[in-house]
Amino acid sequence: MSLIDLKDIKAGYGATPILNGVNMAIDASDIGVIVGPNGAGKSTTLKAIFGLLNVMDGTITFDGRDTTRLEADRLVPMGLSFVPQEHNVFTSMTVHENLEMGAFIRRDDISGTLDEVYEMFPDLKAKRRQPAGELSGGQRQMVAMGRALMSKPKLLMLDEPSAGLSPRYMMEIFEQVVKINAAGVGILMVEQNARQALAFATKGFVLANGQNRFTGTGQELLDDPDVAKSFLGG
Amino acid sequence: MNAMTTRYIAAFIALFVLIVGVGMMMGSAFTVRLLVEAFAFALIAMGLNIQWGFGGLFNFGILGMLMVGGFAVTFISYPVNMEFWGSEGPLYLGRTLLGMAIGAVLIFFAHRVQRFGITGKGRGAVIVIAWFIAYVIFRSQMDPAASYITSTAGWVGGLGLPVLLGWAFGGVLAGLMGWLIGKVSLGLRADYLAIATIGIAEILRAVLKNLEWLTRGTLTVSPIPWPVWTPQIYQANGADTTTSFILARGGFLAVVVVIVLIALFLIHRAYLGPWGRMNRAIRDNYIAAGSMGKDVTGRQLEIFVFGSVLMGIGGAILVSFVGIYDPSSYQPINHTFIIWVMLIVGGAGNNFGALFGGIFIYIVWMLSEPLAQALFNALSRFSSDMGWGAIPDIASRAVQMRVFVMGLVVTIALRFAPQGLLPEVIRRKE
Amino acid sequence: MNDLIFFFNQAIIGGVVLGSIYALGAVGVTLIFGILRFAHFAHGDMMTLGGFISFVLAGIVAGLGIAFPLPIGFIVVPFAMLIAAGLALGIDKGFYAPLRARGAKPVTLLIASIGVTMMIQGLIRLFFGVGTYSFFDTQPKVLHRIELPFEGVTRPISFSEPQLLLVISTIIAVVALHYFLTRSRLGKGMRAMADNPDLAKVSGINTKLVVRVTWIIAGALACLAGTMLALDVSLKPDLAFNIVLPIFAAAILGGLGHAYGAIAGGFVLGFAETLAVFNWSVLLRPFRDNLPEWFEIPNTLSLVQSEYKLTVAFVILVVVLLVRPTGIFKGAST
């Protein structure tokens, strides 16, 4: 049984669904990458999982429990974490406080996890007393990921973590994603830089018009001529 | 006949039955008085409906508009004060005007100092200094003028012109005020706009209350003439007291109802026409409307002014009817918040809702007091019978019940009928 | 020197006292705005209500006949604050939470708060009438006079005990709030939610709990401000209704949603009001002989007449709204 299982998800903001039956399964050992054209429902899938919008049909099972109708404040304690694409740091709070907010649901000692995050992103340790709003885009992305890791998630969901970043930061973020996964955290991410992301994905999903178009390992998708032609720019 | 039409008919029949009931309980003279005021408030609620219902513009400064309207009718229709015109008062006021003009010129040029190469902080400083100097010049002329007028003639008096002209002027003056307020604050978000309008209204209130030379301030002005025969004239012609009141107030009511109907007709036509459609488009999505090339700020200013005009006329009517202009009698609860209750309960966005809400809520407001008094008297009898003693100060407490009732009514309406009793009709274009 | 002390007594002490009241009120307004995104208009009436709760408690305590070295109204304030916090929670649950659950716009909540204003006002007057009450019927109001040890100085620095207690409790409240917001988990959660409500939710912060804590703090501070204001002047049903606008002015001046800005804004407005009506010719008189011949010191030389004291706050409010709606201090409040 997978860590998370999406079965025929139909979801959207109003009455008209954006997702018309999405299926996905991710294990704790997996790095899942969702790619596809704009408006395909990539981000919507993550938001539907995280209870941020209305799921009309289908079921979501996380860690053996039905979480279809649960909202964020119940999902985080169960081991789900989400890094939104934009506005993903508390700009008026320091880096350190941002990380503490990620651990809001925890009542135990968080210093160990803090050390791990600072070890993972040494840049942040030096800036931990600075308001997150003063950091560069790449550093903000690190704060956002660090915040999401502070709750010790089983599954980390990232919405376009490399958007707007320089290649150097993109590579660093991807490296960290692989490391986090190696430590036993499942990953599900949406990526625009599809080729780079699929290169290390154990599971790749191509979405179009709110439905799965292709599913396979990252390498399979990269090798598939149809996928390459339609979705990876030839 | 659809459900909505039935609801309209039912609502207005119920209102009519309520009025007849009140008439039988409280007597005709009281009921006619109640109706005059209720229609005036309905006119004001229609003004707010234009601003909030059509335009989505928040106005918490209704009180200021009513005060301005009341001042206008006082100034236009009150008899001329010869003592003032015979004194040096006008000369003093002329000097004050000159001082204001000089100040205005100063400020005008201060805002244009960048032409002389002064920009940024320097320009800001120049502007602040110019305002300060203008203020000092104004005060140096105004203070002696005010104390001269109050000590010699008392106040400037009125112009002795017809009352209806005064009502019209009330609309004009309030419209002007609405233009000023709108000009400076319409860019603000709703909650900021609310605070800004209430702040400006409070400034207006403080000014009108303390301008003794212009408004007599706390000394109040009375009697303010009526546009129709007063009870005194009927009495002089041989009518007994009750009949004279009913006849005089009935005449007044007729004038007010005609004005309300004309306003309703005009607003409703405008609402159904392209002007109303554009305004609804702006209200529902001003960003989209703006990007389609509509002049959003211009339209909003127009709406704010039109609404203010109705409020000013309503305020003028109320002052004429009561016959006394007392700037300190204006209170946010009685002159701003209650209008909101009327519109929310009646149905924002619907002219008939505003009309219905205005009349209905005013009747509830006025009846809450005697009803509460009766309730308290009954309770008091019960508690004295039980040996717990009577409730003290029933009369003064009962007045307060109506404020509580209004608060309860609006919160209940917001929770259970947020569209109001007569909701806005959404017409789908086929 | 005597004139300077007069200035100190009138303008500085007056400004600090008024500023403390405004600051305590504005903090509540700004916290509610930061968390719930609406202008809570009934805040002034929550202050009045708090004053009356203290008054009733003080009456009960005075009835017990225990003597205290401090005003009884002040002794009972912590208990009154507890009750007021509970009432604030109840008001939210009864009137605002259902609207939020429906997804109503902030403006709707603002109108609802007008309804709450009217209900509180009506109820207070129903029970207490329209009269004025004093906390000092059973004990005297202590006046402090500090004689200065300088030659030729006859006028003492003077202030009342309630004023001193007000300033002390404001300092305590502000420091406590500071530690709460920067040190405690819930306080930081509150700041996080004010900063970015969506991300706060995503982080698993219990937003409903944060909302409750916000009402508890706002209600308690409103009660403190109302009681201290009533101790300083007197208790009236329309006590705070008249200062709700200056409080909003202070909160906007400091940037809505910013607690420290609200405190600073409160003091700025408090001083602005007292300095604007202060008669500056008092300070000029000692220099009578040094001034040029043509300059005659007028009897009253204040920026505005004292009738317009409250208007100063509104004018500042309107100017701030027009020139810099985000407040004079750093920060954007969206």
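For clarity, chains are labelled A, B and C in written order, and residue numbers in each chain start from 1.
As a working rule, contacts are C-beta pairs under 8 Å (C-beta built on N, C-alpha and C of every residue); 3 or more make two chains touch, one makes a residue touch a chain.
Just so it is clear, the model here is predicted, and its values are computed rather than measured.
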item	value
Chain contact graph, described as a line, ring, star, complete graph or other shape	line
From chain B, the most remote chain by mean C-alpha position	A
Intercentroid distance (Cα basis), chain C paired with chain B, Å	30
Distance between chain centroids, defined by C-alpha means - chain A, chain B (Å)	56
Chain centre separation (chain A, chain C; CA means) in Å	45
Residues of chain C defined as touching chain B within the complex	33, 38-39, 95, 98-99, 102, 104, 106-108, 110-112, 114-123, 125-126, 129-130, 241, 245, 248-249, 252, 305, 307-308, 310-311, 314-315, 317-318, 321-322, 325
Of all residues in chain C, those that touch chain A in their complex	185, 188-189, 191-192, 195-196, 198-207, 331
Complex interface listing, chain B residues touching chain C	58, 184-185, 188-192, 194-196, 198-200, 202-203, 206-207, 209-210, 332-333, 337, 340-341, 344, 393, 396-397, 400-411, 414-415, 418
Contacting residues of chain A [partner chain C, same complex]	50, 52, 71-73, 75-77, 82, 84, 87-93, 97, 100-102, 104-105, 147, 151
